[in-house]
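Structures are listed in the sections that come next.
There are two complexes below, and they share subunit A, which is joined by subunit B in the first and by subunit C in the second.
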Partner chain A sequence: MGLGFVVGVFGVLILAHAAYSTIQYRGLLKITEEEFSGPPMNVVAELLLGLVFCMWAGLTVPGKFLSILPDSEENRIVSLPANLDFMSFNHRGKVFPKELDVKLKL
Partner chain B sequence: MVSKTEETQLSNLENQVDNGGGGAWEFLCLVRKLKVRRSEMVLKHGLSILRDPKKRSSLGPEEWTLYEQVAIAAMDCQCLNVAKDCIKVLHKKFPESKRVGRLEALLLEANGSWEEAEKAYSSLLEDNPLDQAIHKRRVAMAKAQGNMSGAIEFLNKYLEIFMADHDAWRELAEIYVSLQMYKQAAFCYEELILSQPMVPQYHLAYADVLYTLGGLENLQTAKKYYASTIDLTGGKNTRALFGICLCSSAIGQLSKGRNKDDKESPELQSLAATALEREYKQIAPDKLSLLTTALKSLKVSA
Partner chain C sequence: MAGHNDSSAVEKKSSDLSNDIPTFNAENLQSNMKTIYYSRTFLSIIGGVIAGILGFTGLTGFILYFLIMAITSAGLIAKSGFSIHSYFDSWNRVVLDGFFSGLMSFVLFWTFAYDIVHIF
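Now for the complex of A and B:
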């Protein structure tokens, strides 16, 4: 959690720095009156790095992925709940009284 | 619904609690969440928490839920004194509560005084005629007294009002199966599959009922539902695998004299048989010979 969060912040900072460098580069182009042919190398590298960091943080920080397959261990239903609303006490448990029949001391 | 991970978690906790490893409260919470019937364990460990004032007060408001849980478990174990004490405490805390009133009527039921319980339920119903739990209790009471037709009548009336209650549909289906009224049970299971199509147990039960009904058409449908159970469980349901084998053998016998144009997928049964053999080899190798003879007599093994 801590590590992922720090990496995410770092990624956002890198992206912000890339934006700042782009603005600077455009200002430089205006001054030298050159045509825009493509973003500079360091901006592209920063964008890619920021993308990787942000994606990694986004996938790890919020938590684990849950399975959506119906036959995975988490989703595979192995038994239905006992129908407790329709529970009846008239069963053979009566014949085997519990030795634990002590009063609740209050 | 109890999934595989939850089941293992429950059995682990059960072992831990039973061997004195602590975690009784977690166990009780899990039992409540999964709605399983472990009355003896709940009674034993719930009482040990309730007896200890320090542990009891650390639960906060959950304490009253525990009293209710222990009371019901005690009734199930026929420890009526404990149940009476728990209900007394709850009554003192919530004198006007309907929920406690229901517990008191439940105690009458456990005592076997049916008329008084019936009276208590009717007076509770007068205050709130749409109380689902009380309607269900009346069904359960009729069932406990052996009055199956009465239980069916009550349940049908109940289901006319609360059609979306799948627990009630399931109960009705189980009552019909116990009375061997399979056509009616099949209808209930159809209703259940419609409302919860992702639960393999309903597909399996429906297929079982259809297989029991017999007849070529029913058997073919049963086979399809066994197949859908396998699909939903990833082939880890042994009963469905056996069902496929039995169905295909029965279909083969029934359609022996007829033309064999509509003979469907012979791979399915051999696949099921292989899956069964693999599972037996893994889990119970000493029973493998029994399985192979059984499959041979069904003429399904590849």
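Now for the complex of A and C:
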């Protein structure tokens, strides 16, 4: 969370700076009375850098993917107590001979 | 990685046996969907700001949106370690979900940034 979040804030700051320098560039164009054809090169570079940082942050900050397979390693322990209400110990299995229990324990 | 591949193979086999009824952990699927939704919304906002600063108007801005969503999808696939089926039930979840809601926030922030930078 920490590192990705800091990178995201840094990317947003870079984008803000790019916006600010574009505003300044437009002011300059107004003075020299030229038409705006496209943003200057350093703004494009800043935008690309900010996009890369924000992409990295946007992919890492929201959290890891969790496996949806019922037999994967992280789901095995969690899914056991989900049926706890339906466990029944008072069933006909108690009339079975006790040697079977010993075998099961092995 | 190898474990995931193994378990996906086992899952495929067991779903074949039980007449193609998919079984998966719905809670984790929902959490994955939420993660994807966050990523897409944030990146469409960032894409809108970028399109506004660059001064795009008309079709080029939408082309930029498609490009950014394609990069996002590639990033999400890379994040899941190229084994989509152990985290999602279909490809559409990764590639298409949240596309149009992201387009709305993209257009909002596109016009917002364009107004701030180029008009005022």
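General observations
Here is the rule we use: the second predicted complex is superposed on the first by the 66 of 106 C-alpha atoms of A that agree within 3 Å, B and C clash if a C-alpha of one lies under 4 Å from a C-alpha of the other, contacts with A are read in each partner's own complex, and residues count from 1 in each chain.
Throughout what follows, a contact is a pair of C-beta atoms (placed from the backbone, for glycine too) under 8 Å apart; a residue touches a chain by one contact, two chains touch by 3 or more.
Given the structure is predicted, the values throughout are model-derived calculations rather than measurements.
Looking at the shared chain after the overlay, A:66 reaches subunit C, while subunit B stays out of its contact range. With both structures placed on the common chain, the touch criterion links A:85 to subunit B but leaves subunit C unconnected. Once the two complexes are overlaid on the shared chain, A:94 sits against subunit B while remaining clear of subunit C.
Once the two complexes are laid over each other on the shared chain, residue contacts for A:31 go to neither subunit B nor subunit C. Once the two complexes are overlaid on the shared chain, A:22 sits against subunit C while remaining clear of subunit B.
Shared-chain residue A:51: touches subunit C; no touch with subunit B. When both complexes are overlaid on chain A, the residue A:41 reaches neither subunit B nor subunit C. In the superposition on the C-alpha atoms of chain A, the part of subunit A touched by subunit B in one complex and by subunit C in the other spans residues 69-73, 75, 79. Every residue of subunit A that touches subunit B in the complex is listed here, in rising order: 69-90, 93-94, 97-98, 100-106. Across the complex, subunit A meets subunit C through its residues 8, 11-12, 15, 18-19, 22-23, 26, 36, 38-39, 43-44, 47, 50-51, 54-55, 57-73, 75, 79. Remark: subunit C residues 3-4, 7-8, 10-11, 14, 23-26, 28-29, 31-32, 34-36, 38-39, 42-43, 46-47, 49-50, 53-55, 68, 71-72, 75-76, 79-80, 86-89, 113, 116-118 touch subunit A in the complex.
Subunit B meets subunit A in the complex at residues 1-5, 7, 34-37, 39-40, 43-44, 47, 50-51, 72, 75-79, 81-82, 85-86, 89, 109-110, 112, 132-133, 136-137, 139-141, 143-145, 167, 170-171, 174, 198-201, 231-236.
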